[in-house]
Amino acid sequence: VIDVAIVGAPGYAGAELTRLVAAHPKFRPAVLTSAAEAGRRVGDVYPGLGPYVDAVYVEPDPALIASSCKVAFLAVPHTAALEIAPALCEARVTVIDASADFRLKDASVYEQWYGIPHSEPDLLSEAVYGLPELDRSELPGARLVACPGCYPTAALLAAAPALASGIARAERVIVDAKSGVSGAGRTPGPGTHYPAVSESIAPYKVTSHRHAPEIAQGLSLISGVETRVVFTPHLVPMTRGLLATVYLDLAEAIPVEDAVALYRERYFGEPFVTVHDPGRMPTTLEVRGSNRAHIGIAVDEASGMLIVACAIDNLVKGTAGQAIQCANIVLGIEETAGLDTPVPVV
Amino acid sequence: VIDVAIVGAPGYAGAELTRLVAAHPKFRPAVLTSAAEAGRRVGDVYPGLGPYVDAVYVEPDPALIASSCKVAFLAVPHTAALEIAPALCEARVTVIDASADFRLKDASVYEQWYGIPHSEPDLLSEAVYGLPELDRSELPGARLVACPGCYPTAALLAAAPALASGIARAERVIVDAKSGVSGAGRTPGPGTHYPAVSESIAPYKVTSHRHAPEIAQGLSLISGVETRVVFTPHLVPMTRGLLATVYLDLAEAIPVEDAVALYRERYFGEPFVTVHDPGRMPTTLEVRGSNRAHIGIAVDEASGMLIVACAIDNLVKGTAGQAIQCANIVLGIEETAGLDTPVPVV
Amino acid sequence: VIDVAIVGAPGYAGAELTRLVAAHPKFRPAVLTSAAEAGRRVGDVYPGLGPYVDAVYVEPDPALIASSCKVAFLAVPHTAALEIAPALCEARVTVIDASADFRLKDASVYEQWYGIPHSEPDLLSEAVYGLPELDRSELPGARLVACPGCYPTAALLAAAPALASGIARAERVIVDAKSGVSGAGRTPGPGTHYPAVSESIAPYKVTSHRHAPEIAQGLSLISGVETRVVFTPHLVPMTRGLLATVYLDLAEAIPVEDAVALYRERYFGEPFVTVHDPGRMPTTLEVRGSNRAHIGIAVDEASGMLIVACAIDNLVKGTAGQAIQCANIVLGIEETAGLDTPVPVV
Amino acid sequence: VIDVAIVGAPGYAGAELTRLVAAHPKFRPAVLTSAAEAGRRVGDVYPGLGPYVDAVYVEPDPALIASSCKVAFLAVPHTAALEIAPALCEARVTVIDASADFRLKDASVYEQWYGIPHSEPDLLSEAVYGLPELDRSELPGARLVACPGCYPTAALLAAAPALASGIARAERVIVDAKSGVSGAGRTPGPGTHYPAVSESIAPYKVTSHRHAPEIAQGLSLISGVETRVVFTPHLVPMTRGLLATVYLDLAEAIPVEDAVALYRERYFGEPFVTVHDPGRMPTTLEVRGSNRAHIGIAVDEASGMLIVACAIDNLVKGTAGQAIQCANIVLGIEETAGLDTPVPVV
């Protein structure tokens, strides 16, 4: 059994990590930190977790983590990971970071989008981007993993096979994405107030969302050319789920069956990816609570466009599940450990 | 007071027409037809309407309508309007058709998408497309109005100023649209079953939705070139509301402020259209229950793309409200009559 | 036209009052106050209201209100009404108070439940409780109206006829109530955060909700005996709507048809009350957005219990609509003015 | 590994059983039957189950089940279980019946409420009622288990300790219950149509719901006196979750702390029951997806009433999870096998 720490444990990402760690055959939630909830029992904050995690939130303390845990999951806001990761890495704790702090490989892009200089360029350079389906080769033994954002996870899984194979042109990709409200986290605010969200679908941060440069970085790496990403996120009245509808220019006409076959070949053997038959599109409900990504493909012949939709659960494959998946690979555990449980159909 | 008939009155479009007619200063709901609910009181089917509409649904009968009504609203499925409209037009009843039967001006396109030949080519040719903000000139005195579909209403309002002015190229337009469940009507089915819809956003009929050719027809008319439309509708877990997020290629770079100014000039004086300030995007909640269309505009400079989002209530501006608006214009009543009531903010 | 002020205008009760005043044939929203939003346009806060209310929120100022308005609606938290009402009453502004400050006639009960002494015992004594269906006789010409809480409105309308007639015993009444989230107001918090509310029905403040003594006061007045109220509110995942399911001990066996007849006789002529046929229960959807109260009645013969369910919209009949209704009566305007518009069926 | 059959596998109860069996350490889903979906793959009906259950639905056939399975779960409508259970029992297949057919021990009560005579009185007499927390003594080795309805599960768990201990009087118990929509099953209908359910809380089948006699039977057994149950179910706009708010007359005054202590003593060691601290009430969200029952207790001193709320997931502890729990006990497997996984907090 491997003792792990979850930093920022009572947030939604942290709570999802807590549940997945508690159910994991090899992990044990040894240290759960929270500045805001320190001293409270897990079961007092989350009555549903209480029977499975008999623990008390403690103040975040790298020394405590280092002395008792082999792995630390960071479920904190950006900039907070910058502060705690160095000490943990120094102390040889494997850091799986679910924040945005080590995702953008170019420190100047980080500064441009997050408003502060990146204080750890060496760690940034060392950090491995944790989207196993695109590249799991550098993950085994990594000291610091930067888990992708929820939108980039869906967008990259949707677009990668088409760009890597060259069936679609890489100069410009349109990502129209829709997310459930839990993506905004556990802290209440005007934009997540029930009456303001119900019966409303709302575009937000159009052309200014911080996941745009991360998607562009990923697609450019895949395609080898600089890809411009038009990214339009929308808030949807549901708690969980994220759907990225991606529009790609086909290089030349291709039957939808061939596109599906190409995607299936690319994702052959992937334990968490399903590519649907032509004509079937994924829904967020079918992956709710799971670490799966379901992909549907259509071709608009008249306009020469490939339309790929990818559905994930923003808190699982989009955050906590992917972090577990990365940790499994880093540590040489079976990749699906703790993540292969079927989820309710409704 | 003008007596009106509503054909297909207990469906959602019909019920919305019933409510709007009941609240209209000049209209009176004289004949409410329904084959399925004939004999039942309105208040037995809809307890909320009962106190305002003391009437009984009757079997649809053109002779009855012709003898007692000046106007008939058709809230029936496609093909049913084809059957009843001729007799009503013949009898000099003004027909405001909310179905799809007279929207596509090319009968062969109708046959291609709806699977049957168009049996009334003369009436089709005479029918006026009822989207007043784009062209209200032919509506006064019209004998038959084909009200636009809900998706085309939002898509055309979003794209028209950019195409008409030439700031965007018209060859290809991408419409990523999101609709509430009431758009599927009152008849239950697997796709509108509460547990199947809640917590799910789902693309459907990608590249095959019947509103695609209608959008293409409208955009081609506006731009003067043949416009290919990539149309991806999604079902959203909410009862009402429709958002079209439209992606257009800019002909050349333009500041977002100029794009907003252009849209505001185009829609100056329109009683039901609001163009938001740059940076503000519309939500479906803000137009819920109203006949308004709210538009937000963004420019993605790096990719040269104009992003326009238009939010409407699919049952009001998308269906019944627009039908009333058209009827007002046809009959020379003030265009906003019965439609200018503010709606709840949540 | 009567100029009115709305104090606390951007809250949900205030926004609903703004909409109803804007649509009212005799009222005009002359002064909209808000400490928090002062200086912002109504349309900037609520894009859906903007086209109908071209106004700017101003700081609350009794002198300004007194100099320009005949009526002031108070949509403020309790204790705030205590502060502003005296100056307005003094200045001969009719005050329609939607807060809790003047509902409990016994100042010691107020202090017990609201934690502060009641600073205006004279005004409290003068204030008229504004539930017109139970007693509208003192409303005409009143200087200060205390509008009932949302839960008391539904509970009293449900229980009053049974207690007043003596068919049910008054010693103890059980009110199991369910409310939408907007009842908690516009300020976000952990209990109204979308992910925390969705998919959850939650009892709250059981035996400790402040509406309990108000219901007890009302039922005791009706029955003439001291009525103990068991009051259990629940939060339901919906924006609007309130259902009170009331359990009453029958004095003796009565057929449900007789109970329905008794209720119908009691509410005969009431413009906003519908008593359903035996076997039909009301839903909150059927009154959503309206000032109506719909009542359904069942008799459990074996246990000798009368079950009465009353559905209202918590923000309309439960708050803002009732305030307008009271104002109409106070001022001698037709009682239904501004409130008789049918609302959407879904 | 024990091969099991699920009869009626594509319904919601069946799908939930499928997921739980697939995740169970000792069970394997060997035969999944469905008359309607026979021939379709599980993954085609439920894309989320497909990766975990590589199977095809087959026609229901007792001989097939008997030849290959040791246990059969019946997730079929009432009367269908009556038809298939005898052959399975005869063939020595352990039958865990989630339908209503063997719950009411008095065949005449069954006939009164279900409209047909009970055709299997011997089996009915043999059937063991499967609510382990109340009585698990007869379950080991049982041939036929009648799993409780979802409402009775919550109501009985809420009321049993108070009645068994005598702190509450048993003559009459009021159960005001609230259920998510999935309780109505997978078949669409007007009452489960998304637009008809959203924004609506609706009482239904008041005094006439078939779970009323089942609750009465259970409470009477516990208390030893004939208990009359006032049962008012409500439909709530959520997919899952069931809350029973139970009102009991206290025999004499008791502090809430003592009532909580009594409940905790009663449920000491129960793996799936949590009794909250005084002042904390359960929500359905905290048990969503789990087999847990969470209970909150309040005392209304003035009226001498005990208020107990019990939250469960209607499809898990209310149906499929309880069936697995019963099967575990019957077969001598650890009671929590396959049911002890923590679930998401939102």
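The chains carry the letters A, B, C and D, assigned in the order they are written, with residues numbered from 1 in each.
FYI, contacts are C-beta pairs under 8 Å (C-beta built on N, C-alpha and C of every residue); 3 or more make two chains touch, one makes a residue touch a chain.
Just so it is clear, the structure is predicted and the values come from calculations on it, not from any experiment.
Listed options A-C, B-C or A-B contain a single repeat of the A-D interface, assigned here to B-C, on the basis that more than half of the contact pairs agree by residue number. Seen from the C-alpha centroid of subunit A, the farthest chain centroid is that of C.
Chain centres here are Cα means. That of subunit C falls 38 Å from that of subunit D.
Computed from the mean C-alpha positions, the centre of subunit B lies at a distance of 45 Å from the centre of subunit D. Residue positions of subunit D touching 2 or more other chains, listed in rising order: 12, 180, 182, 195, 198-199, 237-240, 282-283, 285-286, 288, 346.
If you check the complex, the residues on subunit A that touch subunit D are 12, 15-16, 18-19, 22-23, 46-53, 182, 199, 239-240, 274, 276, 280, 282-283, 285-290, 292, 294, 315, 340-346.
Of all residues in subunit C, only 12, 180-182, 186, 188-190, 192-195, 197-199, 237-240 touch subunit A in the complex they form. Remark: subunit C residues 172, 174, 176, 178, 180, 195-196, 198-204, 206-207, 228-230, 232, 234, 236-241, 243, 245, 247, 281-286, 288, 296, 298-303, 305, 307, 309, 346 touch subunit D in the complex.
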